[in-house]
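The following blocks contain the structures, represented as structure tokens.
Shared chain: chain A. Partners: chain B in the first complex, chain C in the second.
What follows is the complex of A and B.
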């Protein structure tokens, strides 16, 4: 790995860890799903840096795309899809 | 300054697994547990790909019979490719189970689900509803 790739990998691993903490700490479920999607996207770029382009493609398409879609539809079926003012007035619990 | 990135990446992958496992153990809401499971999966995938990584290697794509000595290991990459797809399948199954639990029992947070399951078991066994010790006894007359 050249030097700029090392720094980019360091930045990506920091993004991944912060988003992973955000998944557990955010109150809103929609925001947590978005943070999980950020983890998948940053992981896809990291896979590309680690010389695994096929894994990167799959992670971006399946891990970030399809997985977020499934989780979002699941949120709607579970009745947890609350955004903005609606989420404020309902008083989110964990 | 050349940065020794590989130990940092290993630490990041193990940290991601740790965050996922801690989230699975500590979360109260069922949906959050599914998200934490996805995080732990991502960390395991990163650890596997890192295991096959070699400093100065090229992507394992053969073009006209090039030399294979300078490539990173393609076997963990093939396994991770499968694991990603299986992970999405597991997530879909978990979401489907959560939807069924919500339709049949009601709450999907840990405490509410435990109470609902105990009441369900008692009802099927034909037992009367248990009297909670910390419920005020004055409600006895209302029934």
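What follows is the complex of A and C.
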């Protein structure tokens, strides 16, 4: 690994950590799902950087794409799919 | 009582972890199987992508286990999600841009998915990745114009045929070579599209099975009961 690759890996790890924290701290469920998807996406880039392209493809397709889709549909079935002003309005009764 | 149980559980877990750490030295025994597989896989299995050689040839039965886990999970989810008898209000179709975009993307995504499956033994990728892309491709038109349900019978047929094909190839190898899922048909020339014996066929089965299963699951999730809670 050359030097710029190490710095890139460090940046990716920081992105992963920050988005994982955001998943826990965000009040809006839709935003939390999006943040979970960002974790997977950055992890996929990290895998590609570490020369594991097979795992990177699986992570990008399953982690970033499919699982956030499934989480989003789960939110919709539970009636938690609210964006923006609508979310703040309804969030008060929860 | 409940606190006592959780304390017992945490203590047992800590004991297990401690005994593992105490008895095993870090990085010992060294794993040398990787270099062994790297050295002999291209000649023995004939795939340019060594990962495929491991996934389908050296650890083929693990892949069969993964497929059965996926099958069980998708079946259970389908069982829970497909509750009959609930009237669903007619969903609104998507806008013009969404519908045309979905129609444009569908063939592209199908081609990419099939390419990744067919070249699984040559380049990174394979049945699982391509299958997920195929599922996404067939899910797009459903997103753009909901209510156009896919035929679950057809998807189940594809899934069953692909899963049966995987096991059938394995049994054929058991009959011919004496080992389950042993690659047949010779290795071919390294790097050619038709190489690696039965591995591309196995990956095609994996891809079709994963794609059919996941698109059925997504359609079920999307289809019914989307008004709960509103």
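Just so we're on the same page, the second predicted complex is superposed on the first by the 91 of 94 C-alpha atoms of A that agree within 3 Å, B and C clash if a C-alpha of one lies under 4 Å from a C-alpha of the other, contacts with A are read in each partner's own complex, and residues count from 1 in each chain.
Following the convention adopted for this analysis, a residue touches a chain if its C-beta (ideal position, glycine included) is under 8 Å from a C-beta of that chain, and two chains touch if they have at least 3 such contacts.
What you see is a predicted model, and the numbers here were worked out from it, not measured in a lab.
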| item | value |
| --- | --- |
| Most chain A residues touched (candidates chain B, chain C) | B |
| Chain B versus chain C as contact partner of A:9, first or second or both or neither | first |
| Chain B versus chain C as contact partner of A:76, first or second or both or neither | second |
| Chain B versus chain C as contact partner of A:29, first or second or both or neither | first |
| Which of chain B and chain C A:40 touches, first, second, both or neither | first |
| Overlap of chain C and chain B interfaces on chain A (superposed complexes) | 53-54, 58, 62, 66, 70, 73-74, 77-80 |
| Chain B residues within the chain A interface of the complex | 2-3, 5, 8-9, 12, 15-16, 19-20, 22-23, 26-29, 31-32, 34-36, 38-39, 42, 45-46, 49-50, 52-53, 55-61, 72, 77, 80-81, 84-85, 87-88, 91-92, 95, 98-99, 102, 108-109 |
| Partner chain A, residues of chain C touching it in the complex | 49, 51, 116, 124-126, 128-129, 132-133, 135-136, 139, 214, 217-218, 221-222, 225-226, 228-230 |
| Footprint of chain B on chain A - complex, ascending | 1, 3, 6-7, 9-10, 13, 16-17, 20-21, 23-24, 29, 32-33, 36, 39-40, 43, 46-47, 50-55, 58-59, 62-63, 66-67, 70-71, 73-75, 77-80, 93-94 |
| Chain A to chain C touching residues, read off their complex | 53-54, 56-58, 61-62, 65-66, 69-70, 73-74, 76-80 |
